[in-house]
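Structures for review follow.
Below are two complexes that have chain A in common, paired first with chain B and then with chain C.
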Partner chain A sequence: MTESAAKPRVAVHKFSSCDGCQLAFLNLGETLLQIAELVDIVHFAEAGPLDPEAAVDIAFVEGSISTPDEVERIQRVRANSRFLVSIGACATAGGIQSLRNLAEDNQWLGQVYARPDYIATLDKVTPIAGQVKVDLELWGCPVNSRQIVSAIRALLFGVVPVTEQDKVCLECKRQQRVCVLVAQGTPCMGPVTRTGCGALCPSFGRDCYGCYGPAENPNTQALARRFEGLGLAPDAIARRFHAITSGAPAFHEAGLQQSDLKRQEKDHGG
Partner chain B sequence: MADETQQRSVELHVPVLTRVEGEGALHLRIRDGQIEQLQLAIFEPPRLFEKFLEGRSYEEVPDLVARICGICPVAYQMSAVDALESLFGIDPGPWVQDMRRVLYCGEWIESHSLHIHLLAAPDFFGYDNVMAMAKDHPDEVRRGMHLQGLGNALIRLLGARSVHPVGVRVGGFHHAPDEREVDNLLRQLRDALPQAEAMVRWTAAIDLPERTQSFPSVACQSDDYPLVGGRIVSDRGLSIDKSAFEQQFAEHQEPHSTALYSLLDGQPYLVGPMARLNLHRDRLPAAVTHLMDSLPIDWPSANPFHGMVARAIEIYYALHEAIRLLGAYRRPAQPFVPVTPKAGTGFGCSEAPRGLLWHRYDVDAQGLITAARIVPPTSQNQARIEADLRESLTDFGLDQPDDALRQHCEQVIRNYDPCISCATHFLRLTTERL
Partner chain C sequence: MADAVPGFLPRAALQHLIDALIAAGYRCLGPQERDGAILYDRLTSVTQLPLGRHDRQAPGHYRLEASADPRWFAWANGPQALKPLLFAPTEPLWKVTREADGVMHFSEQAVPAEPTAVIGVRACDLAALALQDAHFMAPPHADAHYMARRANLFLVAVNCTHPADTCFCVSTGDGPNATTGYDIDLSELEDGFLIQAGSDEGRQILASLPLVPASTRQIALAQSQTDKAIAAQSRSLPGHNLRAALFANLEHPRWQEVADRCLSCGNCTSVCPTCFCSSHNEVPDLSGTSSEHVREWSSCFTLDHSYMHGYVVRPDTRTRYRQWLTHKLGSWHEQYGRSGCVGCGRCVSWCPAGIDITEEATAICGGGQHD
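Moving on to the complex of A and B:
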């Protein structure tokens, strides 16, 4: 990363989020201390170092953009960073809070706060790439420490980190798990969801709920038909796609198609 | 000298509080030696969780509410299943209840260790952050990180991952670990007891400021030291069913904060580890009370700076409790009971690492959520933090230099381990015009 002998400078920024992806650093234990030897962590408010305007080699960005202040702040982060990595579902797809974008009117704030005029928010929640150029996206709700450490290690070696975009199914097969969709008839999102978690939900005998977002070439329509065959109503299928990563285009559209079906059923007195 | 102090006007802004979870700031205005304005401003953007939950099936709730907080997702899952099972009239049985305590112990160990070592302790040893502190105090920091790792391992045992774990369902768990996994972890937990004891003594030996403040302590109450469910009690005589919470506790909004303020009979109150120890130390096992008796701190305590020691004691307790429950582990035929949804309103409470976490769900006959309300611990502590700051700053001396004042304010705030991400996303459903 660096031309000089100086250690690469790293920042960790937080936007609208639950702080869970920062734990991929804070839960590293001994490895966190080793990373602090390899790189210079110049900004990471939750861990202590505070210098939000510092120029850095790598910026990790957690969270989505949901206020006017955040729009300005992410521009400055981009301008100050050589390599910008968005981490987690909020940063890569808007996260769970982008469910707000699907609300038919924008009355939520008023139903939430007695004085919505005290609260500054944008009408729509956007991922980081909706605002600035992003060099690498690490998906997951949350991202795990393996993903973070692999990315740092690759960047320190001066190579582009490998992007994981296989389906959860492939990881599940490699682990020789019993398929929860085929064997138990549970509406597993594994066939369309990006790998990286280690197929945790099927390993616990339950359905994947898509928290790593869409895999490459996801056949969402075929999976929706399969869910229909399992007896799920269109609105229940829509909720499968519109959950943690509803802002990812493939899941966004698949969910909307189901919502349209539900509306048609209603119109026909169904 | 006294005149100079009285005439001094200070405007102090801490635009970003570091080593807290989420985004907050502090505004302090001192005029003529008096605090004119003091605001803990929480500007974490609202994520409006209670609205997402509307129209969702009860089955989805544990996975969705986990996303409120990456540091205490288990707490949100536990209060949610407590509320929904209370409504549906389900008793998940002793195995599920025991394993929920084990899972929750994992979260207390993880969250408290993170707070003590990474967020709070650097203040008391004169460092800006844990990476710097580790250079001079490597053993203490490694010990803390090891305990944090064990907490995470406990959550993984029952939840597959430590952040947003996937094991909890209404009615029980998706998966029961096998005995070998449990035995492996049990051995590590037993080995860590002497380290946890040393860690408690280490926090108790830190030279902490002397303070005496008056505040009600509020926590859940059950037969054991409180974790999931029970009544809600205070040390001023309050004892109510969890369904009566809204009649006693009122939330209001302030212009400077995206978190709501919660008051008990119009007054600030304390929730969290210190409140729990103040109320329930008679429910702790002998091993823990013996250790407490040997420390130079008398409980109940009125010094908020004892919050860090209270966290350390709870880590020691949570290790003992997980060892006790896992020591009797048997793998069940099925780790959950079947659930049939029922229309109505369900109330749930549990003790998040930072204190009482209260949930209410309105559910229809299909099991879809029609309304939700969640009151997290940090919005309950917010008014208490401001009250503490006013008293602490006066005790500390308003004539102290700005840097010292700022640093003292941050220390006081960190005593409460505020989780600002949690505090922000909550809303009232009945609109109240102020």
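Moving on to the complex of A and C:
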């Protein structure tokens, strides 16, 4: 066994998020102990170790940037890290909180909070890559343990981690699942969504809701037309794209196109 | 070769066939309703078969419906049949371990190849199987995993009497009746089955069944069912060999039109019974002392599939769809001596966007006569 000092140092940082992606580490059980033998986990508040300003080899970053202090903190994390890996929908696409980027003003603050003047937030939520250079993005809401372990192993080997960017459909068919879009007529996001989840929702007979964000080469317009054919109204289609990963450009645009259609319908329909 | 005069197996005696196969040591698989589709699963009793089930298929659409039909095989193929049984969707091929002294040790992964009998195989899937055999079993690089499973496979064909609206096996010359490649062939009538063997193993199973010779009337009835199944098919490819027509039209505007509709999701290649492309990945364990080399189904519709040393050969859907169609219906002829399409229609039904290969091929090749 190598000396503790020679082991790569790892930090797990949290920004605006629900903490769920950090469970991808904690849920590992015994494997987490194995990871702790391979690396020094110097900062991971949810698990115990606290040293947020430590210089590390790998920083895993959960959450989006939604407050002024987070803008400064992510700069320090970047300066202290050799590899910065953003994990989860919040860190990679802004997450569910970036839905507020679609609101035209901050009126909702007053509707939600008794003392909106106590709330310090940025006008727009951004993913981590919107603020600093990110070396690897692991998508998903939440990310799973397999993604985390695979990334750590690749970085320890000093090789480029595998980028998973195919559509969910490929994994769904490898698992011999019956297509819920074709056989049930449900508006499944699988044909435009990035793989990595193991086709989790379709394997329970549910339609994918796109939590891993856009796959490479996503034809969102064709899928939106298909949803229309299934009977979905433009605002319902917009909500398929504007959900957990609404901040990802391909889904952001696809949803906006549907919102525009709805507006046009209203204008014409009087 | 099939026997000259088929026997007749009364409907009530089909269980004897399942029992005979199990007694002969086979794991028996057969069609069953699962998650709204007909899939193949472990079969021990005729009560598991999809009694009276009909399917309604259209581009991008598949539904099962109930009927009072007393038949068990009154449906066209669901999303899969033989391919996943032989060409596993995901499987490790070998493993490398680094021993304590630093030496690398490579080991082949064991191939689980239980003797397996499949009941209900359609003619299109037998034609597809012959193509997969040509690909995976060709020397000098025959695939050991495929070969082991193939050698253990016993096939009970059922001639197709209820083609779906998306079927076009008549146009490719691969159906609706099984003509070769089976151990036993069945034609389902209302009161039973015409049955004949196509191999010695099949004849041995038949010898244990309570058969009577089929009557002239029963044989005529089966023939008329086949005639109806042929007449029921409305889709067709514009020719048997579209190689020249496709490669003469590589810049046809239709490629872009179909790309606007295509999701590039790979559902067509996954359900296609002849598509064989795969990706190979190293999957190391966390300790870094061992790694599995895993093969899994891939698709010409992915970016990685056309990535070569820093260069993506097919960056967009237009070039990916064109690759699929020109290979399947064109250059396949050079590789395997025939088209790679057996007319099963799965890529039409299971395309989430409802793209129809016969329509696209016709648009691109033009309406004229092809070989």
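Keep this in mind: the second predicted complex is superposed on the first by the 264 of 270 C-alpha atoms of A that agree within 3 Å, B and C clash if a C-alpha of one lies under 4 Å from a C-alpha of the other, contacts with A are read in each partner's own complex, and residues count from 1 in each chain.
One rule holds for everything that comes next: contacts are C-beta pairs under 8 Å (C-beta built on N, C-alpha and C of every residue); 3 or more make two chains touch, one makes a residue touch a chain.
Please read all numbers here as calculations on a predicted model, not as lab measurements.
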**Item:** When chain B and chain C are modelled together on chain A, clash or fit
**Value:** fit
**Message:** Quick test of understanding: once the structures are aligned on A, what is the angle at the Cα centre of chain A formed with chain B and chain C, as a multiple of 10 degrees?
**Reply:** 110
**Message:** So in the superposed three-chain picture, is A:184 touching just chain B, just chain C, both, or none of them (first/second/both/neither)?
**Reply:** second
**Request:** Classify the contacts of A:161 with the two partner chains as first (chain B alone), second (chain C alone), both, or neither.
**Result:** neither
**Request:** May I ask you to decide whether A:243 touches chain B, chain C, both, or neither, giving the answer as first, second, both or neither?
**Result:** first
**Message:** If we overlay the two complexes on their shared chain A, which of chain B and chain C does A:217 touch? Say first, second, both or neither.
**Reply:** second
**Request:** Determine, under the contact definition given at the top, whether A:204 touches first (chain B), second (chain C), both, or neither.
**Result:** first
**Fill in**
In this superposition, the partner of chain A with more touched residues, chain B or chain C, is B
**Request:** Kindly classify A:152 by the partners it touches after superposition: chain B alone (first), chain C alone (second), both, or neither?
**Result:** second
**Complete:** In the overlay, chain B and chain C get no closer at Cα level (Å) than 10
**Message:** Does any part of chain A touch chain B in one structure and chain C in the other, and if so which residues?
**Reply:** 205
**Prompt:** Given the complex with chain A, which residues does chain C contribute to the contact?
**Reply:** 34-37, 39, 60-63, 78-80, 84, 89-90, 260-267, 270-271, 281, 284-288, 296-299, 302-304, 315-317, 349-354
**Message:** For a test of understanding, state which residues of chain B touch chain A in their complex under the given definition.
**Reply:** 16-23, 43-52, 55-57, 60, 63-64, 67-71, 73, 110, 114, 118-119, 122, 128-132, 134, 141-142, 145-146, 148-149, 152, 160-164, 166-167, 169, 174-175, 252-255, 258, 260, 419, 421, 426-429, 431-434
**Message:** Looking at the complex, which residues from chain A come into contact with chain B?
**Reply:** 14-24, 26-27, 29-30, 32-33, 36, 41, 44-50, 52, 66-67, 69-70, 95-97, 99-100, 103, 108-115, 118-119, 121, 141-142, 144, 197, 200-201, 203-206, 209, 211, 235-236, 239, 243-244
**Residues of chain A touching chain C in the complex** = 31, 34-35, 38, 149, 152-153, 156-157, 162, 165-167, 169-170, 173-179, 181-185, 188, 190-192, 205, 216-217, 219, 221-223, 225-226
